[in-house]
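The same chain A turns up in both complexes below, where it pairs with chain B and then with chain C.
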Partner chain A sequence: MKKSALFLGACALALAGFAAAPASSQQRVIKIAGFGAKTGPVRSFGVNSEAAMRAAAAEINAKGGIKLADGKMAKVEVTFDDDRCQAEDGINLVRRYASSDVLVAVGPTCSNVAEPLFGILQKKVSDEKDSGLRFPIFTDVAVKAGLAQISEWAFRNTPNEPLLYDALFKYLQAKRPELKTIMGGKEGDFAHSKAGWDAVMKVAAPKYGMNIVGEVEWKLTDTTFTTQVREMKAKNPDVIAIAAHPFTLCGVVKEMARQGVKPKLIIGLTSSSSMETMEGCARQVEGAIIPTTFAPVNPEAKRVAGLIAKQKGSADLHSTAAWENVIILKSVIEAAKIDGKPETLAADRRKVRDALAALKETQGLLGVTKRTEDREAIKPFVFVTAKGGNWVVSYDPTKPN
Partner chain B sequence: MVLVQAIIDGILVGTTYALIGIGFTLIFGVMHKLNLAFAAASIAGAFASLVAWQHFKDLPVPLVFLISAAAAGVLGYLIYLTCFRFIPLKSPLATLMATVGMLIFLEEIVTHVSDGKAQNYPGMLPDARWTLGPLDIRVDYILVFAISVAAMLLLLALLYRTRLGIATRAVAQQPVAAQLCGISLDRTNAATFVMSGVLGGLAGAMIGSSAELLSNLLPLQLTVKGLIVTVIGGLGSIPGAIVAGLLVGAVEKGVETWSVLARDLCVMLLIFVFLVAKPAGIFGKLNVRD
Partner chain C sequence: MDYLYGLAQTIGVHTIIGLSAYVVLQTGQVTMAQAAFYAVGAYVSAMLTTLWGLNILIAIPVAALVAMVLAGLAGFPALRFKGLMLVVATMALGEAVREFFFNFDYQIAKGDLKVGPAGAEGFRQIRYFYERGWTTAEVAAFIWMFVIGIMALLWWMDRSRIGAVLRAVGEDELAAQSVGINLTAVKVSAFAIGGAIAGVGGALYAHYTTHVEHTAFGVLMATFAIAYPILGGLSSVFGTLIAVVFIQGLLIQWLPILIGGELRNLLFGLLILLAMNLRPRGLIDPRVARTLRGLFVRSPNA
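Let's turn to the complex of A and B:
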């Protein structure tokens, strides 16, 4: 008798569960797919972007989610895939997202992935004959200049490096007029690094009176830099600009210390203004200056850095862009009044694209980010200097004195 | 003078390539099998020593090197057990694929231990330099050279002056006859894997130490370098691996003064030159086995 009662009770609970199921399945979900490098030398960028996206989604969901066209609230679901900084992997991932129920993607890490990837998207939304993918991508990290021009479905919230370094060299001309000569170093096999010197710093430095006395290069996976640093020593420039990511940046500055190469100033690539650099070579980069679009300089930036840290990531100019992208997408989705239903997915993607394209400015962690006609961002920035194992803000254009 | 300086650097660093090449060649000489996981085990050994260095602060560098050598030796034995001992040796692809699997497995472990980031590794006299006229030589490179040469001499003494060495050479030349003489193939093969592992661990530690960084990207790079050295030196030839290691180091650094991007191309070109002009390598002999 007792057993029968237990059995009946269990059946009743199971039935109650079934009855409740349709109610919970009615909860709509907005899927945002993150993708970037989680293996290889730039793995930390993918790890940090994922942490930032998950932190942003957690915050949105804690506040109830995203409001849809019919007034119902949808939860945000963030996934993150590894494209290994390989173009074919990135393209395969986005093709998969486009054929699934993902609304929009955030990524990739590497410009050499972004460039061919944007090439498979529909170029102009008005061109009905173009069979390219009609899927919005909102890039957080890949920074090579001008990439969003490739497709009207591509948007970026990345630093505008030509503007940043232009401002830096202008600042140096005013504050450090004794700096007259510069030498560059770059990772010759990595698009961002190569462009960071060739198309950005090498262009900006002479504009503000610095004479380029030479340049050296190495590969992204190199571990010895004796030959390159000897050349630096021979040229003895006032400034050494190292357009490289933390791994080789640290290798180079350690070799510089060994060979006694002490320029008056080291300038770094935006991507190196991270804690990875400090963990690798804080002593050797002491005094180096880098323009960046993120530093924990205000209460909100500090709070977000804490939330990203809780997700086991590090807040830097790239990962905080991933945070901003998810927050921007929330407001865009709400403003565009999307339905969030399987049958409206294609229309919803188009609404998201159009709403992103219509943005004139967005709120970023350092202030207002302006959006350009070609779907790029002009973000507020600061200059940070390596000091005692931390990146310290040495110049904030909003506080000139 | 820049070229001379670069070639000297290359020769000094090339001794670590020679050690890796010896590791490959030792195993090939004894078993006529390639162990593609060898370089990965060498770097994994170095990472094990890194973990020890991070855990027990202020460990002296020589002890860190010894830990690396010991850990890589243990890994060498484990590779023997998992990829060779119980796998039919008659199927040449079986052991090769097993070691490829082990290479990927070890690389993944290293990536997870390091969180995919390069880690600081203790350097040997990082700021010491030796100036000889116009030449400026890093003292730690000289130490790398000296330690590598000492390790090679020790290995040669082991192979030519001890019972284990005689057994190893006997197994390499005539495995059946060696067995008939009472030499245990299993034990000799295992000892060879441990010996080569110790050498590899030492090389891994010195590569990390000279860069003061240990990267999870090194296993694959070092595997390629080790194979290049082994092919150029002649499969199974220890003197060949030594000369080829120095040659590859010198060519790499020499070409680097002209073009970094052409560096690896030139090393690969060197392989083609040897494969066409001297397919058995510098000191190797074709069809040396009965």
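Let's turn to the complex of A and C:
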């Protein structure tokens, strides 16, 4: 009798559980998958992007979620996966998202992942014969120029480096006319760093009167830079431009300090305007200047930096792009009138793509970001200078004086 | 389902690169050059299909042939080296080939785009499969057609006189030479066959990822190439496949889903160490290989 009662009780509880299940499953969810490098030399980018995406999702959910086509509210669910900066991992992750109920993805960190990844997407939405994946990706970090051209399903909210460095060298010509010679250093095996010197700084510097006296290169995972710095010392340029990520940037500037190489100015790559650089080599980069699309220069930017910090991340130009992407996606999903049901997933993804493509401008943390025809962003920027262990805004184009 | 087909593509291509090293390892030579032949296969085939519009069924054999010739040529100087010296020499060759593609720039205008290898920027728009409407399942089936073909060829070789000769050289060169085996011919042939197989793998890799660049063909890929057959065991071609499923499927793809990305990196090395300690002669060691063979091949006395 006692056993029967227990059994009946257990059955009742189970039934109650089943009865409760549909109630909780009625809560619709919009899934946004983040992915990027969370291991290797650029792992901080993935860690920070994840923190920013989770912070943005928490803020959206705290305000009730995302409004769907039928007027009901859906919660945002953010996941984040490590692609190890490996193309095959990135491809497999996105195939997994496309096979599941993920609506849209944000990532990746590395351009060498973005490039093949965008290649497996359908190239033109009008080409029905193209069997590429029909899945929207909104990139926050991979910054190599022109990648979104690869597929009409690819969108980016990354800095336009040619414009940023053009403005920087123009500024230097006006404010620091004594700077006449420049030498470049780059991570030759990393697409963004190499292009950062070869296709960006090396092009902009001579345009504004700087004479290139040489260039050196190293690898992303190198730890010794003696030979390269010795060459810098021999050339004795006014400016040393280092197109590298924090890990090797710090190695190079420490070696410069050891060999007594003291240029009048160090210019860094956008990706190095992060706290990781300050944690690694604040003293050696003192005075270095970098153009960036994020700095905590206004109350909203400061607030978001605080929210990202609460999620154990650091706000920089890349992670705040991840924040912006999730916020932009919320407004895009609402404007596109997404149904958010399993049977409408493919149509919803297409609606998100079309709505992203239709954007002419978006609201970013530093101001209005313009969207281009080829699905890239032209973001507002500032120049930051390393000062006392922090990145301090040294020039804001919106406040020229 | 699309994800599983995509994973099957990755496992298939990695099995091929592992099998390319398997042949060379049979002769007792440890090579770090397989990534180089893989790169040659990738670039040659991608140029043939993307720049000159050739059918992939022509591009893959041509890529394999070019990789085979390079591997054969590399095999002759490699004869002078043994053990660690050979590892260093083949690693140097691998790096030289990678550096070549790092600087290789050959693009032609195709519509409003310039396509082709662009040095460190890599070679994008290798969209043969997608432009022709191949589904992920069809691409996976195409890749596995080659995997099965190569495995069948090597399985047959293992059981033929060729396999016995390769193993004889691998076990004891002096003894093999004393019974009249031409060491030069055997070693160079193993290199050449391995190179051709790596070329096929590279060709398939380039087309399923749509983009290749020098970083994909570095020391890490060369290490994976020899790690698969060593971990899987040199007693059977199936060992390489098992090892690829273990590394690419379980450790790289599924472990992060099961336990989270951070723990994956800790467990990755640990599980490989564990596997090597528990099964020092490979996941499919000679005893397991015999047992498996017994299951599928009826004994003449039965």
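Methods note: the second predicted complex is superposed on the first by the 383 of 401 C-alpha atoms of A that agree within 3 Å, B and C clash if a C-alpha of one lies under 4 Å from a C-alpha of the other, contacts with A are read in each partner's own complex, and residues count from 1 in each chain.
In the analysis below, a residue touches a chain if its C-beta (ideal position, glycine included) is under 8 Å from a C-beta of that chain, and two chains touch if they have at least 3 such contacts.
Values in this document were obtained by computation on a predicted structure and should not be read as measured data.
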Fit or clash between chain C and chain B when superposed on chain A: clash
Which superposed partner A:Asp89 touches (first chain B, second chain C, both, neither): second
Partner chain in contact with A:Ser394 - chain B first, chain C second, else both or neither: neither
Touched partner set for A:Lys38, first chain B, second chain C, both or neither: both
Which superposed partner A:Glu279 touches (first chain B, second chain C, both, neither): first
Which of chain B and chain C A:Ser331 touches, first, second, both or neither: neither
First, second, both or neither for A:Thr344, with chain B first and chain C second: neither
Contacts of A:Glu115 with chain B and chain C, given as first, second, both or neither: second
Contacts of A:Ala195 with chain B and chain C, given as first, second, both or neither: second
Clash-bearing segment of chain C relative to chain B, given 75-83, 147-155 or 165-173: 75-83
Shared contact residues on chain A - chain B and chain C: 38-39, 188-189
Residue ranges of chain A touching chain C (in the complex, touch as defined): 38-39, 81-82, 87-89, 91-92, 95-96, 98-100, 112, 115-116, 119-120, 122-123, 129-133, 150, 188-189, 191, 194-195
Residue ranges of chain B in contact with chain A within the complex: 2, 5-6, 9, 13, 111, 115-118, 120, 126-127, 129, 136, 138, 207, 210-213, 215, 217-218, 221, 253, 256-257, 260-261
Residues of chain C touching chain A in the complex: 1-7, 10, 102, 120-122, 124-127, 129-136, 209-211, 213-216, 252-253, 256, 261-262, 264-265
For the chain A and chain B complex, residues of the former touching the latter: 38-41, 43-44, 47, 188-189, 216-219, 221-224, 226-228, 230-231, 246-247, 250-251, 254, 257-260, 276, 279-281
